[in-house]
Structures are given as C-alpha cells and as structure tokens.
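All chains are identified by letter, namely A, B, C and D, in their written order; residue positions are counted from 1 within each chain.
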Amino acid sequence: MLSRCSAQLRSEGVWIALVLMIMFGGLRYDSFLTEYNIMTFLSYNSMFILIALGMTFVIMSGGIDLSVGSVVALSSVVVAAVSPYGIEVALPVGVLVGVATGAINAFVITRLKVVPFIATLAMMLGARGMALVVSDNQSVPVSWDSNFTHFGLGKAFDYLPWPVVTTLIVFIGCWVLLEKLPFGRHLLSIGGSEESSRLMGLQVERTLWGVYVLSGALAGLAGVMLASGFGAGQPLEGMGWELSAIASVVVGGTLLTGGLGSISATLAGAILLGLIFNILNFENGSGTITFSAYWQSVIRGGFLLVVVIIQAKIINKARAR
Amino acid sequence: GLPVLEQKERYKVGFAQSESNNPWRIAETKSFKEAALSCNWDLVYTDAAGSAAKQVSDVDSMIAQQVDVIFLPPREERPLLPAVMRAKSQGIPVFLVDRSVDAKVAQAGRDYVSFLGSNFIEQGQLAAQWLIENTGGQAKIIELEGTTGSSPANDRRKGFDDEIAKHAGMTILASQSGDFARDKGRKVTETLLQSHPDVNVIYAHNDEMAIGAIQALEASGRKAGTDVLIVSIDGTRDALQAIIDGKMALTVESSPFFGPLACATLKRYVGGETIEPWVRVSDRIFTIDNAAKHIDEAY
Amino acid sequence: MTDTTITFGHSPKPLMFKVKNILTRNGTLSAFFLLILVNLAITPNFLEIQTLYVNLTQMATIAIVAIGMTLVIGSGGIDLSVGALMALAGTVAPLIMLSDFGMSNPSIGLMVAIPVALLAASAGGLFNGVLVSRYNIQPIIATLVLFISGRGIAQVLTNGELQSFDIPAFEFLGTGRLLGIPFQAVITVVLALVCAWTLRRSIFGRYLLAVGGNEKAAQLAGVPVKKVKLVTYTVCGLLAGIAGLITTAINAASDANQTGQLMELDAIAAAVVGGALLTGGKAPVIGAVLGAAIIQLMGYTLLANGVHDAVAMVAKAFIIIVAVYLQQMRGGSK
Amino acid sequence: MRGIHKSFGGIAALTDAELIIQPGEVHAIIGQNGAGKSTLIKVLNGAYKHDAGEIFFMGEKVSYGSPHEAQCAGISTIFQEVNLIGYRSITENICLGHEPKRFGMVDWKRAHSHARSTLRRFGLDLDVRKPLNEFNIATQQLVAIARAVALDARIVIMDEPTSSLDDHETSVLFGVIRELKASGVAILYVSHHLDELFEICDEITVMRDGRTVDRKHISQMTKLDMVAGMLGRSIDDVEAGGTTGFSAKSTPIGEVMLAVKGLGGASPVKNVSFKVHKAEVLGLAGLLGAGRSEVARAIFGLDRDQKRGQVFIDGCEVEFERPTDAINAQLGFCSEDRKQDGIIPQLSVRENLTLALLPRLARRGLIPEAEEREIVARYMDRLGIKASSMEQPISQLSGGNQQKVLLARWMATNPKLLILDEPTRGIDVGAKREIQLLIRELADNGLAVLMISSEFEELVEGADRVIVIQEGQSVDELTGESLRVNAIIKSVSHISHAKQ
C-alpha cells in the first residue's frame, strides 16, 4: 500500500547552490561573466543537459540508463561518417542511432525482464564497442565542406550557438511532454509503482519503450553536437557522462526511486555540475593556487557531497513534517 | 597571419593538459610547471581528464581568461581543431605539443604556430627495425596495444606493423589492448601466453605494459629477456632498470620533457622569428648499452 | 491445499529433462558450464593447469569486490566507489612501506601498512554508509562522491606517480602460492565462505536481508537499520581494500590512476549474474564468486581467441544479458 | 468463467473454478484466506494468465493479456491492496490512462473537475491536486473505488473494498453500488464482512481451496450456511462456535501496564490519555483519520515528532527513541499496513517469524538453527499457519496467513504489551476467529493488549474496555454495560455529526 510520508518534490537546494556559484564566480573572476565564457560554457554543456534531460525521464519512470555516454560516442562516429551529406541528413541519422539503442534497451528491459541497471550497463559496453568497430578505433573526420559543422560551431541570428538553441527547444519539448501530455503522467505513475500502474490498466511496456527511446534519442542528438561541434566522431568520448547525468538529475531533487521529478531542476543540476569545472579552470588561472587534476577530483567529489547533503537535509526535513 | 605577441616581462601561458593518469603525462605537466618558474610564466593549467571535448572547453576557458599563449597537447588529432580555430580567431597563438591536429584543416604557420613533438609512427618503426636486426628477421610476436582508439596506440601499431609486414619471418601472433596500464598489460599477457605459448617477442606500446608483461612471464615460469624479448616505447625509469637487469631489451624514448623546449620556442617566437612548422624532438633508443647512463634523467 | 507435489524436483522424469531442469533453475551455473564448453571447443591449451591458475588469479580481485558488492546490493544499495577504494588501499600500503620508517623497519612497516591500508578503505566504506543511513542519500549518489574523489585522494597522496617496490613478503599476497594454489585464490575462497556463512547463520546476515527486503518493516521489527547499513558498506569497503592490496602486490607497484579502474562495473555485473537482486533482499555470495568466474572466463575466452577489444565489448554486453536472462528464468515462472 | 486452473510455481491456487455473473447483479465471492478469490479475479481481468479453462464475456470467448485490455473491454477492478500511485495527485490517480485531452494535451481543468465530481458521488470533498499519500488509507481506498467506478465499465470488480472503510463510508459505497446496479452494471464483490452481503448482494459464490464449491441466491443462505460452506464443515459444527472468536473473560484484570497521559504534538494526535492493564484488552475506537494509528506509533517510538505527553510502562516513564527501545521494554506492535510495514517479502516464513526475536535467540551473534526451527514450527502449529513449508517466501502466503506470521513474530518475543492495529483487516472469518481467540487467550495469560479496530463488533466482543478517539483526543470510555455497538457509533461520530 501507500506510504504516508508527504513527499513533494524539493529542489530549492539546487537553485540556491546555482545562484551562489554564479555569484561566487562573477565576483571572483573578472572575465567569468563575459559573453565568450557564458556562450562557450553553455554550448559545451548542451550535450550534458540533453542526456540529463533524457535521464530525468528514465529515472522518473523508476529506471536508469547507463548507456547514454557510449551512445553519444556511437552516434558521433556514425554521424561523422554521413556528415558530407549535410546536417539535414546527419541530424536524423544521429537521433536514429540513439533511438535504435534505446529500443534495444527497452526490448531487453520489457521483454527479457532484465533490470534497467544491467540492461543499460550491457548497452554501455555494447555501444562503446560498436562505436570502436564502426570507426575502426579512430576518431572519424567530419566534412568541413558541408553545412554539418555549422550546427555545432555556428550561431543562430549570429548570437546564440545552435547547440544552445537546440537544447532550449528540447527542454521546452521535454517540459510539455512531462507536464502536458499523458505520457508524462504515465511514466511518473510507473515510477511511483509499476505494479499498481499495470493493475490500473496502464500500458506499462509501451510507456517504458517511449522513455528509453527518448533517452537514447537525446543521447543521439548529443552525439550530433559532439561530432559537429568538435569536428570529429569520437569513439572514446562520453565515458562517465552517464554518471554526471545521474548526478545532475539527483542533485535536482528527482527521486532515484522514481515517481517524482522535475525537468527544470535537472537543468539547474546539470549547469551546476558543469560550473564547477569552469570555476576550477578560472581558479587555476587566477594565480593563487593551482589545483592539480587530482585535487580537482577531490574538490568535485566534495562539492557533490555538500550539494547532496543539503538536498538530503531539505528532503528529510520535509518528510519529518 | 599569426598573431603577434608583444614583448613582456611575464606571460600568461595556458597549458591544457589532456589527462593525468599515467607517468608520461605527469612528467610532462611537471616539466611545464618547472618551465613556468624558469621562464617567468603565469601558468594557467587545466586538465581534461581524458576527454577531448572537455579539453576544447578548457581551452575556451583559457581564451575567456585572455591568456597570452596556449600550449596544447591535443588528446586527439581531430576533435581539438575547434579549439585551435577559436584561439586563432581570438588572436591567441597556439603551440601544439607532442601530438598534432588534422593537417588537412589546420596548418602550422597559419592556424597555429608550430607543433613540438616526436613522431609516434616513427617510434613504432624504430622498435620494429631494432627487432628485425636483432632477431635475424625471425620472431613470433605478441603486441600489447595502448588504449583502443587512442592515437599513440594507433600510430605505434601502424609504424610497427607496417615495418614487420615487410619481413616474412616476423609474425604477429596476437595483438590486444592493455590500456597502457601495467595491471592490464600483465593480465592480457598471461592470457595470451596460454593461447600462444610459442611466442618469443613482446612489443608493448608503452613501458608500463611491458613491465606488466615481465611479471606475467615470470609468473608463468619463463625468463623475460632470454625466453622472450621485450621491446617497448617511452623510456621510463622502471623500464631502464629492467633493461639494466636484463629483463627488457629495448625501449624507444618518447620524451615528455617539453617544458624547456616550449620555453625556448616561445622566446624565439616573441623575438619575431618564424618558427618551423614542426619543431622535432629526436627520440633516442635505450638498450643495455646506454640504459645505465641515462637512468638518472628518466622519470 | 493442493494435490500436486510441492517439490517438483523429485518427481520421476527423464534424465535429460532433469539436467535441463537444474540448469534452467540455476542459470548462473548453466552460463558458466556453457562458457567452459565453448572454451574446450575453441580455445587453444584451455585444459592446462596454468590456464586455471591464470584465471584464478585474475578473477580473485573481481570476486572479492563482488562479494562486498553482493552484500551491499542485498541490503538494497549499490556501491560505485569500490574501484576508488581499491586505489586508495593500494596506494596507502606502499606509502607506508616505502617511507623512511618502513624502509628501516621492513617487517614492522609491513605489519603497519596492511592494516592501515585496509582501515583507509573501510573508512571509505563507512563514509558511504554514513551518507546512506544517516542522511538518507540514495546509494548511487552517495557512493558517487567517493567514486569521484576517492581516487583523487589516492592520487593526491602519491602525486599521481607510480610507486614501485621490491618487498617479497608483501608481493606474496599477489604472487605467492599456498600448497601450489595461488594465494589470492585461497583468500577469495576463505572470504567467500566466511561471508556466506555469516550471512546464513548470523543475526547480522538476517538483518541485512531484512533491511534489503523491506526497510520499514525491518525497522518496526526492531532491526537496527542504520547500523546494519553502516556495517555493510564498511565491509564492502574493506573487501575492496583487500582487492586493492592484492592488485598492488601482483604488480609490485601501486598505481593510483589505474588500480580498480571500472571495477565497480565488473563487480556489479558479477553480483547480478550471480543472482543478486538489485532491489535487495537477496545476497548470494557464492553466486557472486561464480558470477566473477563468468565475467573472468568471458574476458579470457575473447582475449585468448584474438577477438579484438572493440568486438569483445559487444560480445561481453551480449553475454551479460544472456547470463542474467538465464539466471532470471529460475525466478520468473510466468 | 469455467474450469479455470491456475498455479504458482507448482502450487495450485485455482482448480476448476467457475463463475457466472449476470448484468445488473451484485455477485459476491466468499471464502477463507487463500481460497483463491483474488486469484480468480486477477485471472478474469488479465493480471494473471490462467493455465486452463475458458472465460466468456457477453457470449464471446475472451482472454485478456493485461488489465489494460480488460479495462478497454469494460471490466474495471478495485484490487485488494490499494493499488494507486502515492506520489501523484488524486486527479492523476483517478484519470490515469484516460486523461481528458485537448489538442493531444492533458486538459488539467477538466481532469480536476472530473475527479472532483467523481469523488462527490462518495460524499468526499478533497483537494484533488494533493498527492494521494497525504491522505489516509480509507480515503485512498475510496479514491481507488471512485476511479474504478468512473471508468464506465460493464463489470466492476471489488476485492474487499470495505476492509478499510468505516460504517458511514461503507453505506455511501453501497449507495453507489445500487446506482451502478440500476444502470445494468454487474458487480463482483469480495468481502469477509458477511453481514454486508445481505445488505447488498444477490448471488453468492463460495470458494474453498481454489474450487468454487457453491453458488446460491442470497435469499437461500444464512450467515451460518456461508461460514459452513467456506470452512467445509457442517452447520451444527459451526453454530457451536458463535460468530466472533472472542470468549468470555476468565482472568481478572491486573495492575496498570501502560499509561498514556496527554499524548500529543503534531497533528492529528492532540491529547490522548488512557491506561492498559495486565490481562486486559483495551480497544481504541474512532472514525478513520481520528489518529488511532498515530497514537500506537507514537507509543512504539515511531514518528518521534509526537513530543508532548508522557508514556509510562509498569509505572516508569519511558521515552522510546526507536522501535528497538520499545521492543527491549517488551512491547510488540502489529501495524495496520501489512505490505508496507509488516512482511519482508523475499524472506521465508521462518525468517519473517523470528525477526523480532533474533536478539534474544542469537548467541554471540549467531542464530541457533535447530532452536529457530523448533520455535517456528511451534508457532506455525499453534496459529495454524498454512504454508507449504517454513521456507516458503512469505509473499506467497495469503493475507490471513501473512497476518498470522506477523502475530507470531511478536508473540514469540513474549511481550508484556501488544499493540494490534487492525489485526483482522482483510482476513476471512475462519482465520479471524482464530486470531480473535488467540488475542483473548493471550490476555488471559496476563498480556496487556491495545487493539485498534474499525469493526465495532470486534471491539464490543473482544475488548474489556474501549477508549474513543475523536480528532486526536480521547473523549470517551466505554466499559461493561455501556460497551455496545450503538454506543460506540454514537460516541465516535458525535462531534463530526454535530459539525455537519
């Protein structure tokens, strides 16, 4: 039966942390809030935001998708190979690659009844392997003659980088999907209780297919950005991205057990986790201390710890009431 | 044309390291930090943790911080192109270190100043040539590759394999990835020794895997250096010691000490000199003849 | 209630059916035998004692970590930090042994180094436990903290540099033999038996499964839920520490950058292939060892037959799914 | 439905079951716990796949692969355990799967008003935007019923809909059932409250051990017939036993065991005081949501924010930080929510049964196996727990047997005070009797029992004294002559009725 605890989504923590971080950076480093830094930052982090959005859906449905990092790599090498045909071809192809891997995940999860963690763990290996096979173990050059790289490097209206525009559109789409379409409601219910949802007559399998295919598609799209924004399909890129995506989602307050979540909080979470890298780079340039790569990981872990503990305290407090 | 760098007391120099998970990279970073001290640089150091995309983003944050010059050891040849191009468009000269970028798109003297480094393919060739000479053209080889998909692994394999293919007596029995790591190198060798017991040469893409291979050989009761010849690339202290101990035959140097070279090259550039497109680093070969002499300079 | 027999294994059935029955009921075992059969058919020199030793030594660390992982999974959690904790323990021990003190008193150095290294890894586990039980942080995220910074700490301690050493007494941990059997295989078996026995016979084991099965109900029945979780994660850290020491000992060098890299994935895969339920409430320790054997053998098979890394990854993905699927056929009777 | 067979892992749950329902009839299925009622229902609506047999719906042979298909065909179901989504709002729970849409998007305005109007049929006026888990079980149950009724089905299946409803809510439900019936909807009704059946049902199907053993019109049956049919015993045999299991008191009440003074704090408990004596069964009566369960939880060291007030055990003031403390002070607590707070589904009957006993059973941290088995066997025997063996996972047992295992869990710890929250909810008459007998027996052996029940009959016959809780306050005490069902009803609802 149902638990009694009141469990409203609590995501104040991540917004507060985000504002504090931006203020910290802006006050401490001269060129932090320059247009160049903001635009390149957002452009680079677009990929992370995309997969974090997909991951939000997966996690809200009570699952997890560990394959996204590898799918980004796979999509990027495939897309690089078709880049001479231009972005009109490459973009759908990249998304399709993601859809295909997502569909395999969904098949293994819903038909073979393998738990999502393991199913997508296998896909993480499988997609990485495929990426290496397809690319013959090398990064794949893209065509600089077609309009392909314009997508990753160009700007809309000469101002906003295309990846940022794309991510914005995807974000709005995700929001509508979650808040306005039955699909969003269904996946939240399934995350709340898969068994109950089935008994209530939801087509659980169909919704789960949608969720994993969506996550795959967004990873595929991120792969297109990777290939066109960096000029190569990269079979080794994206390692560990799934974990930062999961961290972004959870830092945003979405329950890993499913059933509760927010798209905008994930956005904040992803930006927050990206900011820490940016700030570390600026700190290393400010001339006081230089953090080695190792100290950087310690600090990143410590930062995650602080954010997560603050979140936990807020949630626990809400629960106690 | 290339951006002009005015004469200054101190330069703000960006060094965008690609990763720090192996001795070679660590030595390279150390060398740059030392150079920063001796050359009066304010070093802006970033670490991409093995991600080419992050390395581009790191370079972006250096550009945002308005560094004077960037030294970039690209993690990969192709994905770093945008970083080079953006630095160029912002008027910041870039020097590539130890690995170049795709020459079809970006060119030294036009898009970036110069490439300082050696040639991975050549390193593989050197190892192969030494082997051919010293085995009389007869060998059964196991190749331990670097991280699958990484460019030193690809180049060192290409240089070596192409050279070996010219000699009928030389066969490569198996070629598998040991991830540039000692532990994995050991495990892979252990396994390959079982399926290819007739091996008499092991070629590793770096010294760490070669040392792992020595351990695997010893665990299987074979004598490294006599039953099986081991050749590799890098020239680390542990490898030179192994050569002195007779367990390893050869390592081709791949020097990580780019700091002094970077410093000198930058001085020439500031002085208005035109820098040659490739500032070559010549790689030495370490064998039993010279290992003891050089071990103290190794890392 | 019913007239059908309840234990359907005993009814007289054709032999083939029986074998099939056992194998479908124990998917892990059948996956294992399948791999052995495949190897016998295609892998050169598979039937050699050295092959056995190679596999035993290589699977030892996976198995040890997988045992700890199984306990954590059984308690309803997961631990991503095991690889980082391996690196931590693996670097701390040589740090002590190679210190001035350790060099001047080698035996005392060794006696201090091993416990301190294990203590460091256990402390990491305890830290995870505190985050999970005290702050109610979801295990993936709680252990992600040390996943990120645990290795960083190890790297900071050594400045990322390798520490090579030549201390035979310590290397015995990785290369020694006991009655001809690789020492780390002996350690693995002992640890597996101790853990399996503890789980079965001790109050802690029962509590662990109760917490994993239904935390609220366990709490109501007087199970000290927080303590159980603390102990579980600490034990998992300790086991990861042991594995880290073994890795360091075999290589006669500690490498904070590489030790235990991606171990969490192997360990989780081994645990699940061995029959652990990610929802908790089940902790088949012996199954985890078997799972580790499958993961190891799978890698061995692909490597020994010259399957290249990239293709091997795809094959591994496939085999994991098949193994887990076989494993699950036992449970899902529908 | 004809000749339905279904087995779980070799154990037959249904054997040759048969069920015929006419449009516009209320058809009851009765039977002991584990008789197969819920299983039969789940086969009908596609949640389970049957092994053999045929199902005809409106003359056509059908077989539904999932509840979704059954729902589309016009069969909607209220499951035995509330099966809704706690984190989601009431509206979402009611509209899930058939949300009103505009331009393909969910039309929230219409959804909310649909939810509101559906609930109004049940006399409920709730904030439909709030997450469901902020409401109590009774409300959740009503929402589940409302959802099923709102689906426009041909057959509505109700598996023990009233087990967590009070009398008032039950009568509202009956009103709705009559409406449905009048509009030609067939209703399949499962309940252990046999008295209810006379009020609402037309046809009765009796199930025993997975078989349908009898089918009659209600007018041709008496309560005794039903009980006899369910138990498979002769009527005389049953008659000798009476309707509830409580017998007359034999041991005089002892000194005060538990005293609660001014317990209060966070809502809903405001000010509750009472005493429980040794060898006494104290009943707590109240409407749903009165805060009885919260009182019990507070005593047991759960929900520590209930800070005000004092609790005395054996005359000493105590403050339990956690359940362990309460258990050490020899208290036991069977919660009202078996699935959530009671059973550990993956563990066996044995492991579930000894869970609370372990600290005392274990020696140097180890569990003596033989002794454990012996204890488990003893309690399984004493309580008549039906399981294929003590190693069977508890999740496979029927509700009544699960409850018995949980009772045994606490009995084994030999407590001084046992708190039972709805101990017989969702349990068949046979098992219920046994449990009631057991409660009496325990009290006669000197145990103090605090029993919360929504069945007033149970309180009247089982309790020595009843404390009435109203909106978090203890307002009345009924003993001896004044302890009557009517009196409780009056007392329980006094203020709330006055308010309306």
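To be clear about the criterion, a contact is a pair of C-beta atoms (placed from the backbone, for glycine too) under 8 Å apart; a residue touches a chain by one contact, two chains touch by 3 or more.
Note that the structure is a prediction, hence the values are computed from the model and not measured.
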item	value
Touch-network distance, subunit C to subunit D, counted in steps	1
Chain located farthest away, centre of subunit D as origin (C-alpha)	B
Euclidean distance of C-alpha centroids - subunit B vs subunit C, Å	35
Whole-Å separation of chain centres (CA-atom averages), subunit A against subunit D	44
Distance between chain centroids, defined by C-alpha means - subunit A, subunit C (Å)	29
Intercentroid distance (Cα basis), subunit D paired with subunit B, Å	71
Junction residues of subunit B - those touching two or more other chains	20, 148-149
Multi-partner residues of subunit D (each touching 2 or more other chains)	340
Subunit C, residues touching no fewer than two other chains	155, 159-160, 216, 309-310
Pairs of chains found to touch, sorted by chain label	A-B, A-C, A-D, B-C, C-D
Subunit A partner contacts - residues on subunit C that touch it in the complex	78, 80, 131, 135-138, 140-142, 144-153, 155-156, 159-160, 216, 265, 268-269, 272, 278-279, 309-318, 320-321, 324-325, 328, 332
Subunit C residues touching subunit D - in the complex, by the definition given at the top	1-6, 8, 201-204, 206-207, 209-210, 212-214, 216-224, 277, 280-282, 333-334
Subunit B-touching residues of subunit A, taken from the complex the two chains share	29, 31-32, 34, 36-37, 40-41, 44, 47, 132, 135, 137-142, 144, 152-153, 226, 229-232, 234-237, 239, 277-278, 281-282, 284-285, 287, 290, 292-294, 296-297
Complex contact set, residues of subunit A against subunit D	1-8, 176, 180-182, 185-186, 188-189, 192-193, 195-203, 255, 259-260, 320-321
Subunit C contact footprint on subunit D (complex, rising order)	7-12, 15, 34, 49, 209-210, 300, 302, 322-324, 326-328, 333, 335, 340-347, 351, 355-356, 358-359, 362, 365-367, 369, 386, 388-389, 409
